[in-house]
Structure formats: C-alpha cells, structure tokens
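Letters A, B, C, D, E and F mark the chains in the order given here, with residues in each chain numbered from 1 onward.
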Amino acid sequence: MPYVNIKITPDGATPEKKAELIAGVTELLQRVLNKNPATTVVVIDEVNTDNWGIGGESVTVIRERAAKGGA
Amino acid sequence: MPYVNIKITPDGATPEKKAELIAGVTELLQRVLNKNPATTVVVIDEVNTDNWGIGGESVTVIRERAAKGGA
Amino acid sequence: MPYVNIKITPDGATPEKKAELIAGVTELLQRVLNKNPATTVVVIDEVNTDNWGIGGESVTVIRERAAKGGA
Amino acid sequence: MPYVNIKITPDGATPEKKAELIAGVTELLQRVLNKNPATTVVVIDEVNTDNWGIGGESVTVIRERAAKGGA
Amino acid sequence: MPYVNIKITPDGATPEKKAELIAGVTELLQRVLNKNPATTVVVIDEVNTDNWGIGGESVTVIRERAAKGGA
Amino acid sequence: MPYVNIKITPDGATPEKKAELIAGVTELLQRVLNKNPATTVVVIDEVNTDNWGIGGESVTVIRERAAKGGA
C-alpha cells in the first residue's frame, strides 16, 4: 500500500531507467517492510533545472557556472 | 481551507472533466466537513504512463502487455 | 490508479467523516473519469492550525482574532 | 535540510523570477530557523490554469469570466 | 539532488527499518541514474490507517473486516 | 493562489517562528510574482529526524555521530 514520489531532473531518465526505479523501490519496500507490491504506487516527477534549487540557486545557474570552470 | 492534490494519468482528462473533479471534490469537503469552498484549493497533476508505477511496473508496460492479450 | 492527497485541519475529522471523504472522492473519480476504484489511493493529512497559513497568517492567529470579535 | 515545494500558475514565472523565489525562500529559512542553505532544496511546480481550482472552479473559468466583466 | 517521499502506514516501521529504506532508495538512485547520494533527500511520512484509503475504504475498515474473516 | 509546502525537522520551530515563515513566504510571492496574499496557502510539515534522510542516512544517525565527535 505504500505511495512513493520521486522527484528528479530529467537528464538521462529514459523510460527504461524509470522502469528500473519503479521496480527497485517496490522491491525495497517489500524486502524491508513486507509491503505488498501489488498495491505499491510510484510516481516520478521530472523537474526542469530552472525549477530546482539547492543552496539558494537554481540547478541551471549551478551547472552554467560549473561548465565555465567555476566552483 | 482544504488543499487537495489529485494525480491521474492524462487519458481523457479534458478541461471539462477536470472542472467536474474540482467542483465535485470542493462540494464533497463542504458537505462532509463543512469546509468553506471559497478557500478550498485543488491541484490536478497529470502524470504520463512512463512515470507511474504500480505492482513494480510502469503503466506503459502494463498497458502494452494488456494490448497484446497478456495478463 | 489515481492518487489523492487531502490536507485539512483536524477539527471534526472523525474516522467516520474521513471514511466518507475516502468513499466520496473515489466514487467521484470513477464517475467523472472512469478510474478503477480498486487502485484509487487516498491519503488524508491532518495539519494543525499553527502549521497552516493563509493570507500571510496562521489559522491559529486568524481564529484567535475572530474569537475576540476582530475581522 | 528543509524541503520547500512551491506550486504556482506559470504566468510571468521567468527563470529570473524563479531564481528569486529559490534565493528568497532559502534565505528566509536561514534567517528564521537557522537552516543550512547548502542543503535547502526548493522545487517549483508550474500548474496550468485548467488544473488549478479554487472556490469550486478552475482558474481558467474564473479568468474567462473576469475578462468578460463578470464577478 | 533527488527528493523522495515515501508514505506508509506505521506498522513495524522501526527507526532501523526506516534507515534501511533511506539507504536503499539513495543507493538505487545512484545505481540507476548516477545521482549524487550526498544531496539525495528522503522524507518518510507515516500515515495512520484511518487516513489511508484504497478501493473506497479506509485501511482501518479493510483490516477490521479481514480480522473478522471477511473478504 | 500559490500553494507552498515547507518540510522541516521540528527543532526550534515554535508557533512564532512558523508564523514568521508563513508571513515571509507569502510576502516573497507577492513581491516577486505579484501573487495575491489573500489566497496564498502555506502548509508546514514537521518531520522527525528518524524519518528524514540525506546522504543515505537518517538525520538521527548523522546527529548522533556528530555528537560523538565523528564526521
């Protein structure tokens, strides 16, 4: 019966990779807490880098600086 | 004052259908718990079938198998 | 397959009332979008009034002022 | 370590404005609760007006009526 | 940078089990999508059985019926 | 019309501090995006340290190690 929401930036998240996440987290909940896989729901949200912030900056800005050789 | 988040796959969710969901859940909260409709907020997220998992598989995979006559 | 999250303040939300919300929103999704009730998941979060804000103030503060006859 | 999710309709939410939101809310959590900005995560969801309801109606419908001079 | 939210009913979710979930899902995201574990955030919400619905009924009701030998 | 969800560990989050967060984030959205404070909703979730993970470990474990002089 668990519900899992995974938020990631979209880079490289192909349908195959997302299927691996769904299978992996469902298996984890079954193994650790004996949760029924049949009713385990997983929702993946892909968030673009303008809309994700860490350390007070967007990931877009962090990556642009990194690409220029900044910290 | 309630806040409701509804996550669905997009199939058939026209603006008219979504308006029905918004009206219906707002009315439900008023009827059952006497919540003020004026401040009831509803947010609908449409999640594509690659990003929705149940039973350890994505809905894309489940539907493809069903379309082929599988379980 | 829908997932619904309902956030409310706890006032009057008895188990019976919450069961009515669960039944009602599940029925709504079946009626409007033909969603399968068997896999419709509803999670209700009860949020205390210190932790809920609207109009820039907590519901605790708004209710205290209302109880004193303020706006 | 805080996690903040901001849901807005997309009107006018340029990358620069979203960067201001990320910076502002991270600074707020540091100032008020001494939270470490380095591990403060902010995710902004832009929700279209068909998918946002208040007062039992979608924002699309509310704005259309307002544009026609209705209440 | 991923953010993962896991919602479960509390049965048997000891601190040790929850630590296993946190470690497991962080490792999964690193393995599948090469996500940096240092900035992977996991939040577990424990939801009581009155507040969790599936199939239009609360888990409390479903378990009571099961305990009586019902379907 | 924005909706903001802030998740924090409870340390030091008094009602006064939480009221400051509510006021501050509502003001931020008005200043940056001209959002109407009257319909800005803020919900604060306090998550205990067993249920919050970063870097693959719970905050409980991270803090215990720090208290012992570990990294």
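Quick notes
Heads up, the rule we're going with is that a residue touches a chain if its C-beta (ideal position, glycine included) is under 8 Å from a C-beta of that chain, and two chains touch if they have at least 3 such contacts.
Each chain and its UniProt protein: A, B, C, D, E, F = Tautomerase.
Being a predicted model, the structure only gives us computed values, none of them experimental.
The set of chains touching chain A and also touching chain D is given as B, E. Note on connectivity: the fewest chain-to-chain touch steps from chain B to chain E number 2. Note on connectivity: the fewest steps through touching chains from chain B to chain F is 1. Comparing the centres of all chains, each the average of its CA atoms, the largest separation from chain E belongs to D.
The chain pair B-C and the chain pair E-F differ in C-beta contact count, and the higher one is B-C.
Here the repeat of A-D among B-F, B-C or C-E is C-E, since over half of its contact pairs match by residue number.
Averaged C-alpha coordinates put the centre of chain C at 20 Å from the centre of chain D. Inter-chain centre distance (chain A to chain C, centres taken as mean C-alpha positions): 27 Å. Counting partner chains per residue, chain C shows two or more touched chains at residues 1, 3, 7, 21, 39, 41, 43, 45, 52, 54. Pairs of chains meeting the touch criterion: A-B, A-C, A-D, A-E, B-C, B-D, B-F, C-E, C-F, D-E, D-F, E-F. Chain F makes touch with chain D in their complex at residues 1-9, 12-13, 17, 20-21, 24-25, 28-29, 32-35, 39, 52, 54, 59. Every residue of chain A that touches chain D in the complex is listed here, in rising order: 7, 45, 47, 50-58, 60-61.
Across the interface of their complex, chain B is touched by residues 1, 3, 39, 41, 43 of chain F.
Residues 15, 18-19, 21-23, 26-27, 37-46 of chain D touch chain A in their complex.
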